[in-house]
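The following blocks contain the structures, represented as structure tokens.
Shared between the two complexes below is chain A, which pairs with chain B and chain C, respectively.
Moving on to the complex of A and B:
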């Protein structure tokens, strides 16, 4: 009954209560959205990192990490891989060969890490094939020839393996992105003209656009109107196990894009068996073994198990290799809590204010209730209930609203390309964010909302308890 | 034995440096079934005396014994409980919880007493019949007239089966028809249920109905007549 009275009391000042509920709801929805955006962003980064580079656990020759020398290999790689396959937590394991080298196109030369992976994609831990940039790109297993290579978008740009052409399609795309019509008109003047180098294309843009327009839009325009020179030949140069320089021509069959400039500009992928033969490595030899386990949270335990089995190898978990990931996984709830605590602290002033008003304007009624026999515990609990109900109502609405926004934006994605593509991708973050609603976040929000409702009500409720019925009844409000 | 026994009661209000003696040595006995009016001019101490009898305020000196219990010795929380079980209140205004219906307002006090749902409902209906508001059971106070609200307050006061009902100027906000209705009702309940009523008033219509009139002036009892 006290609960039902409390609920009814809330609606005595409809506008005041609705304002507070609305404030709480919107503040929480916003908080949930922002945190979910961060969460989605981090998860995207982490998944990409796992899929394209680190896996969950990696094994190396302890010497390898110092200088990536091709002689520091895991000689009996094939048998170790077989043993790891039999460990019950292993979901996928594969051996890789990584070697530093130089890549040259007819335009320029770049340092690169050449990674030899299984040519059959389902055998490999690496999932770079998921990130092929367009339909003209192929993965290694689609081509019979051996001397083929898949390179990253950034590498393609560095090597000038990009053509540019403004087409109706690219103009439409730019229009959708919100470029001013003035810029679009200017671009239309060079429509269908082919540019074979980045430099040429940018020079032309610089000529037709104002300085400001060029600064603001040239990268977006380049992005919308480029195509890769698939089938172009590049030369890979590296040292073999004897120390001799090996040079070989490879055909570019695909370009991938993980939205991480550091990775896309450095890693190129070739068939492992072919790379091994070029380097003079035995068929069973690899220099990196990457493992995906059944549970990312247990990698530290799994790491120990593997370490015991192979004491001579360096075993590293994803958390050793990427400390950010450790923070993200183990401390993310603290981060949520701090963020939300600030918001709710601010909101608690509104709650205190509303509840104080509710107590003050009901002085006579509270005096009457205490006079007829409602004890202090019950009066206290009535005020508490009002505050908590008010807060929870706002809280639930906020959580639902926030969750819906997260579901929607998580589905369609938030495209920040226009604002910050370069900065973010240089740091390894995608510029399209897919917010994800983490259950911890929703649970924490709920708990913190209730907690806030309780804490914020204490002062007004104590105020109510201080009332003396004989005086309260005769107080003019 | 008297329901209420008051001995040498004093109440001095202190507001800053100033001391206001509101009750100055009152001795009074109220028997079961009385229908008593405490009358006197404004500021004479009627409300103060009623508050002391009802345990809403503590005296500076003296004792108030209700059915053998000296309520001046009770602690705050015990006093609230004592009021809940032993005293019915009807105030001049603000008697009812505005968000509850007439029926719920009457039930509320029995809910505080922890009475079962069946008992609450049957007693509520019985009382609503008695005060003639059975058809307004589901109206909120704001939908009732002042007289109807006071009748609900009387029903609420009786719902807890108290030893007596204290009413401080219950008719102050009522017109003469509503006043006489309310008085008839209280008198009937006094007779049918043998319920003790004590009201403070300076309303002549109320005084005319009283069975005993206690006159108070400047915190002293200056007259006490049994009429009926």
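Moving on to the complex of A and C:
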């Protein structure tokens, strides 16, 4: 009864109510979108981190983490891996060999972490093969020969293993990205010319573009017109178990791109068995065992189980290895709540204002209702209901709208490449964001919206209670 | 009669030349700058668009396996020593009294900020072994007749270059110019050798300039002030004890 009266009251002043509902809806949609964007961004980073580097749990020789010395291995790696395979939470487990070394091309030499992985991709925890940059790139399992290597995009750039050529296709691509036609015209002057080093290409760009254009667009242009020198020879150099330097020529068969400069510029992948033979390691020896479990939330429990089984090894969960991951997974709801609380706090002023107006302009009417015997509790709850209904309507619309935006952008992605590629990728974040709406976020939003509606109505409702029927009846509004 | 004599002379001369193949020429040229042992005093200037620095050093080596370098200038690095034994390298800094063994990750970085890499300093010997050699023509550099010899790496060798072209002086077997190419046969960098002088009985170039093709304003210039070959260096010279003596190391051979 009170509820339906409240609902009708809301629509007695359509414009005012609609404005408030609209305000709430848009504010919430925006909040949900922004939080989902951050969520998607972090998830993307976390998934990549798990897939390419950390997995869920890692085992090492306790000495290994100090200086990555190749002598600090897990000698009976093969049997440990078999035992872990039999543990019921294990989804995938694989042994790796990691060694610090040097990579040289004709142009430069770079420090690198050389990682030996299973050459059969389904056996491996590492999913770097998912990030191969283009169709000319192959993963290690597609090639029979042993001395092959897959390097990251940033490493390819550092070793000058990238060719550049501005073609019609790249011009079209840049046009679609919204580059000014002035820049495109300038680029057309060097169309079809081949540049075989990054330095040379950038020097040319610097010459034909203005300084501002160069700063803004050079990386985009480079990205649109590059191709990797697949098949080129690079020399890997590292210390073997005896402390001697071994060097070997490898062919680059693929380039991967995880949009993380730190990783792409450091990690290169070779076949484990071949790396072991170069280093003089036994066939069963590894220096890192990586495990993917069935549930990321329970890794701490699983970690303890593994620790008990192999007390001599250092067992680390993803949360030990990347503390930000812990914050993101366990504290993310607090973060959402704080963010939303601010938005809703600001909105509540609007609600208080509207409800106060509603009470004031209906002073006479409220006086009348009281005079004919509507008790104070009912008046109070009527005002409350009006406020909550108003807020919830706006809230639901906002959540639906926000969710739709998230669904759409999560499907097509938000491309920030044009604005901030370098900065974000240097930090390990992708510059294309796919927002994801988490259920926690939607639930939290709903609860907070109702809470706001209730709190914001208290003051106007109290105001209504203070009305004296006799005086209110004689008020002219 | 005179004509016949000329023809015979030409035949003999050219036959003499034909008899030498590329490998032999490169080997002889390599030996020119190589001795059982050597001592040298030199200055390296590293030029970059925005800065340049100069390092002076004394250097002694025995074969390809033993070498010791002492930095004599600038003052900041004075007394630092580098010791190479086989394919390992140590660095000693007298100021902080610290001895560091250079790991493989540090080996290939440019040595003292130059366009030389530590690795190039250690692996020079491969120029006489790991390539196929072909004389591809004649040329003149600084009024000297030169062979142009193309070096292509033998398959399976750990060489980053697609090819090298050497200009070797016909009279004194001096490598006057080296062009280093990548696998797509693009020029990567050029080394020029000039200022040919007689150093204690050997005629050799004393100034070497390395220019990367893409960044011609980045140069490394190495000037040899003094060099002696086949000097007697006791084995005890190439030890960690000796390298710790820093500026007090006795280079009088």
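FYI, the second predicted complex is superposed on the first by the 477 of 477 C-alpha atoms of A that agree within 3 Å, B and C clash if a C-alpha of one lies under 4 Å from a C-alpha of the other, contacts with A are read in each partner's own complex, and residues count from 1 in each chain.
Heads up, the rule we're going with is that a residue touches a chain if its C-beta (ideal position, glycine included) is under 8 Å from a C-beta of that chain, and two chains touch if they have at least 3 such contacts.
Predicted model, so just to flag it, every value in this text is computed and none were measured.
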**Request:** Identify whether chain B and chain C fit side by side or clash on chain A in the overlaid structures.
**Result:** fit
**Message:** According to the stated criteria, A:439 is in contact with first (chain B), second (chain C), both, or neither; which is it?
**Reply:** neither
**Message:** On the A-aligned overlay, A:311 touches which partner chain: chain B = first, chain C = second, or both, or neither?
**Reply:** neither
**Message:** Touch test for A:107: chain B only (first), chain C only (second), both, or neither?
**Reply:** second
**Asked** So, A:248: does it touch chain B (first), chain C (second), both, or neither?
**Response** second
**Prompt:** Where does A:233 make contact in the superposed view: on chain B (first), on chain C (second), on both, or on neither?
**Reply:** second
**Request:** Treating the CA centre of chain A as the corner point, state the angle out to chain B and chain C, nearest 10°.
**Result:** 160
**Request:** Have a look at where A:8 lands relative to chain B and chain C in the superposition and call it first, second, both or neither.
**Result:** first
**Prompt:** Who does A:178 touch here: chain B (first), chain C (second), both, or neither?
**Reply:** neither
**Asked** Looking at the overlay, does A:376 come into contact with chain B only (first), chain C only (second), both, or neither?
**Response** first
**Request:** Quick one: minimum Cα-Cα distance, chain B versus chain C, in the superposed arrangement, integer Å.
**Result:** 81
**Message:** Looking at the complex, which residues from chain A come into contact with chain C?
**Reply:** 100-102, 104-107, 109, 111, 160, 196-197, 199-200, 203, 229, 232-235, 237-239, 243-245, 247-249
**Asked** Given the complex with chain A, which residues does chain B contribute to the contact?
**Response** 47, 51, 54, 56-57, 76-77, 80-81, 83-85, 89, 91, 93-95, 97-100, 108-109, 111-113, 156, 160
**Message:** Show me the residue ranges of chain C that touch chain A in the complex, using the header's touch definition.
**Reply:** 87-88, 103-105, 107-109, 117, 119, 156-162, 180-184, 186, 188, 214-215
**chain B partner contacts - residues on chain A that touch it in the complex** = 1, 5, 8-9, 11-12, 364-365, 367-376, 378, 468-470, 473-474
